[in-house]
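Presented below are the structures under discussion, each in the form of structure tokens.
Look at the two complexes coming up: chain A is in both, with chain B in one and chain C in the other.
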Partner chain A sequence: MREGIPGPHPVTHLGRFRFVLIFTGCLLFAFGLLLTPPIQSLDVQFSRTLVQGSHWLILACGGHASRDAAILRAPGGFGVEMRDGCNAVNVTILLWSAVLAFPASWKMKAVGLVVGSAVIQALNIVRFISLFYVGQYSLTWFDFAHIYLWESLLVLDTMVVFWFWVSRVVRLDAAACAPA
Partner chain B sequence: MPLPVPQLRPTTRFLLRGSTLLIGILALWWVSLRGPMLDLLHGAAGVFLQIRENPSGDWIVRVPFETLLPPTAKRPVAQQIHSINFEMPRSDASRFIFSLPVFWAIILAAPCARRNLWSLLIGTAIMAALEVALLLAFVDLAAYQAISHIQGDAGFRWGRQLGLYIVPDVLPYLLPFGVALSLHRELREQVFAVDTVMGRRARIS
Partner chain C sequence: MLLLALPLVALGAAPSFYGAAFIGSGGAATLYSVSSTGTATAIGPIGFRQVGAMDVSSGGTLYGIGLNGSGTSVLITINTTTGAGTLVAPVTGGGWGTGSPAQDISFRPSDGKLFAYQQGTIYTINTTTGAATPVGADGVGFPNGNGIAFSGSTLYYAGSNTLYTINQSTGAATSVAALTFPPAFGTLGPRSPAMKFDPATNTLWAIVFSGFGSPQTSLGTVNTTTGAVTFVGGTQVGIDGLSLAVAPPPTTSGVPTMSWPVLAGLALLLAGLGSLLAKQAQAL
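Our next item is the complex of A and B:
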């Protein structure tokens, strides 16, 4: 019942507290679930699918690579394996927790979860392919890009995806509240 | 005649500035700040733990841990443990210092430059303390895991695994963003649109 609520209101501590509580709960629950054996096997399968997609994309763009399960190999012998944590499931969990904790309609939450996850996974494929090429150039810079740079960029992108989604929610909310 | 500068959305502006700063500051950290920051972490954590460096630069950490290992078939006499030593590769220790440059990049990319300096200074102190706390938590969890492994104690295994996943692999990436959002009011208000949705929903409930 939002029709009767006019314009913006100052933020309340209740709203913040509720967000932090649900966000932390969702995060812990999802990371805990991720470590269970059935989800781990799904996670491995998901990584293989992402590597398959990356392999297809490299071939489609005229590159050279071979694939063995979750490992992508270059003709020169360098190989990169997508392990747990490299498939962007952790940042997807981060986005899901934030979207679920944010006060919005379930329809908007569903849109945020689906579209946001797709954007993050698309970025992760770019990340994986770029790491495949950086690794062939220098293993030192591969470590830097793999452990620090791309992971941080993905969290930044996740934050921006969430921010963009919130601004959409606010715009639609304002349109719904506007007098006829 | 000068070309009109396109007005970017706050999200796009933050993404572009944040990505550029993240690449620049993290590259600087990797090339020249990593060594001195590892030394600082070594010094700060050394107040609570005994840390030595082996010739290859990896850390040998000694964790005080008082426990009595009960007798088993392989070890017929109970054994008193006072501390646990384990080796921590330098690259693993680096995981506890990169959050600071990430935090700097986020704050510098945030809107309202006037507030950035204050947030940068306070946040740097908070992040430095959190990095030491994370290292100490990780070392404690690892020691507890090692003892549980020797004792064959399967109790709370899932919780230990969760801790050993979250402390070194999740929190160092998440905390710079959390601290930046907590300290920088303009950034927080823009990201969460606090004046509108959150306040409105709180009133409804």
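Our next item is the complex of A and C:
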């Protein structure tokens, strides 16, 4: 390093290192927890609740569907099942880990956890219902929407939610630090 | 005497069916596989008597109503690989004839509710407790035939030689058309004791009996506008009120939120974005 050009501030390195460390730790802890039988049981119940909610929404909008545990079935026979890994809990864990790892007040972290989870879960219900209808129309389009379209949208959604939350945190911090 | 009850088991251009057959009133029932041409192949004994009503739930479970060893009307599930029936519960309440089986049953596609016809009255059956709730009398008595089937939201009922629709709130029957059977079905009072609708081919399938004691038994399709019944082929010989249960096709797909590689990619993206933003946030 040439003299006169300062190197990276040690505090910023610490911040990056701290984020990656906590993020990784939260991921390992949460996914480990997800594999335990009691949480697995809750996970299954959560999936069924999401299907129940989707079923209710479809009926409320005048659509036709029947529900059998975690399966939503169309009158024509096509069904979509919310199996393990379909309820967006894994994506929510990623977002939670990122929010918890980011340097922010606990109040802002709580806001990020709650609002972020709500946005992801709402989008997942839209995804589930849309796949239910797309599958009735065409299994080719179902595969495309399921494998490419919705995966991309969920990745984008998670990134945008996190980025939006961080922007809010930074703006509030800046406002708090601004001279009166 | 042979009783036959058929449920469609696969949707497509050429559907196939399950049939429950028994010989004699109260005879032991056997599950059959029945092709779309009517050819029947025995799967195995059901272990219950006079199972003359079957249908498949939206979840793919084959349900039937028959009699147990002591002659009580029971709701059962049937293993479609072995034919073995498993008791769910006795069918009781609401004036249900506990010593008689149902003539036919059909699941309503919109909400999975099980409807049953027994001796001139329409019931709904709780598939967990077996509790029968009367919807109402159909108003046409208790003729021969008596197959019922949902086609979409419409519940059809075949009384002797007339096709009706059933009001699902009152049970009242409204005539749609006279059922006309060509001579191939036989000429001794042809009637349909079992019907089921195949949504994939938009076809109402029916078992047709002609004669009594040892009736000629055939598979046919019903035109729901004109009532014309088209002969498909002969099948198991049967007698008495029978049922044909319609098939579940279930194509069920899991919808994982994202694959593990994409999830790992998202984790890396978040780690990258988070560490970058954390650095910027600290620098402020």
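Side notes on the structure shown:
Assume the second predicted complex is superposed on the first by the 168 of 180 C-alpha atoms of A that agree within 3 Å, B and C clash if a C-alpha of one lies under 4 Å from a C-alpha of the other, contacts with A are read in each partner's own complex, and residues count from 1 in each chain.
Rule of thumb we're sticking to: contacts are C-beta pairs under 8 Å (C-beta built on N, C-alpha and C of every residue); 3 or more make two chains touch, one makes a residue touch a chain.
Just so you know, these numbers come straight off a predicted model, no measurement behind them.
Steric overlap between chain B and chain C is present once the structures are superposed on chain A.
Once chain A of one complex is fitted onto chain A of the other, the partner contacts of A:Val169 extend to both chain B and chain C. Applying the stated contact rule after C-alpha superposition, one finds that A:Arg127 touches chain C and leaves chain B untouched. Applying the stated contact rule after C-alpha superposition, one finds that A:Phe144 touches chain B and leaves chain C untouched. Residue contacts after overlaying the shared chain place A:Cys26 against neither chain B nor chain C. In the superposition on chain A, contact of A:Asp157 is made with chain B only, not with chain C.
In the superposed model, A:Phe78 makes contact with chain C only, not with chain B. Contacts of A:Ala69 after superposition: chain C is touched, whereas chain B is not reached.
Once the two complexes are overlaid on the shared chain, A:Arg18 sits against chain B and chain C alike. Of the two partners chain B and chain C, more residues of chain A are touched by C. Of the two partner chains, chain C is the only one touched by A:Cys86; chain B is not.
Contacts of chain A with chain B, set against its contacts with chain C after fitting on chain A, overlap at residues 9, 11-12, 14-16, 18-19, 85, 90, 94, 102-103, 147, 151, 155, 159, 162-163, 166, 169-170, 173-174.
Looking at the complex, you find that chain B touches chain A at residues 9-11, 14-15, 18-19, 22-23, 26-27, 30, 91, 95, 98, 102, 105-106, 158, 161-162, 165-166, 169-170, 173-174, 176-177, 189-205. Taken in their complex, chain A has these residues touching chain B: 1-2, 5, 8-12, 14-16, 18-19, 28, 31-32, 35-36, 85, 90, 94, 102-104, 143-144, 147-149, 151-153, 155-157, 159-160, 162-164, 166-167, 169-170, 173-174. Chain C contributes residues 11, 57-59, 109-112, 152-153, 199-200, 248-259, 262-263, 265-267, 269-271, 273-284 to its touches with chain A in the complex. Partner chain C is touched in their complex by these residues of chain A: 9, 11-16, 18-20, 23-24, 27, 64-69, 71, 73, 75-83, 85-88, 90-91, 94-95, 97-98, 101-103, 124, 127-128, 131, 135, 139, 142, 146-147, 151, 154-155, 158-159, 162-163, 166, 169-170, 173-174, 177.
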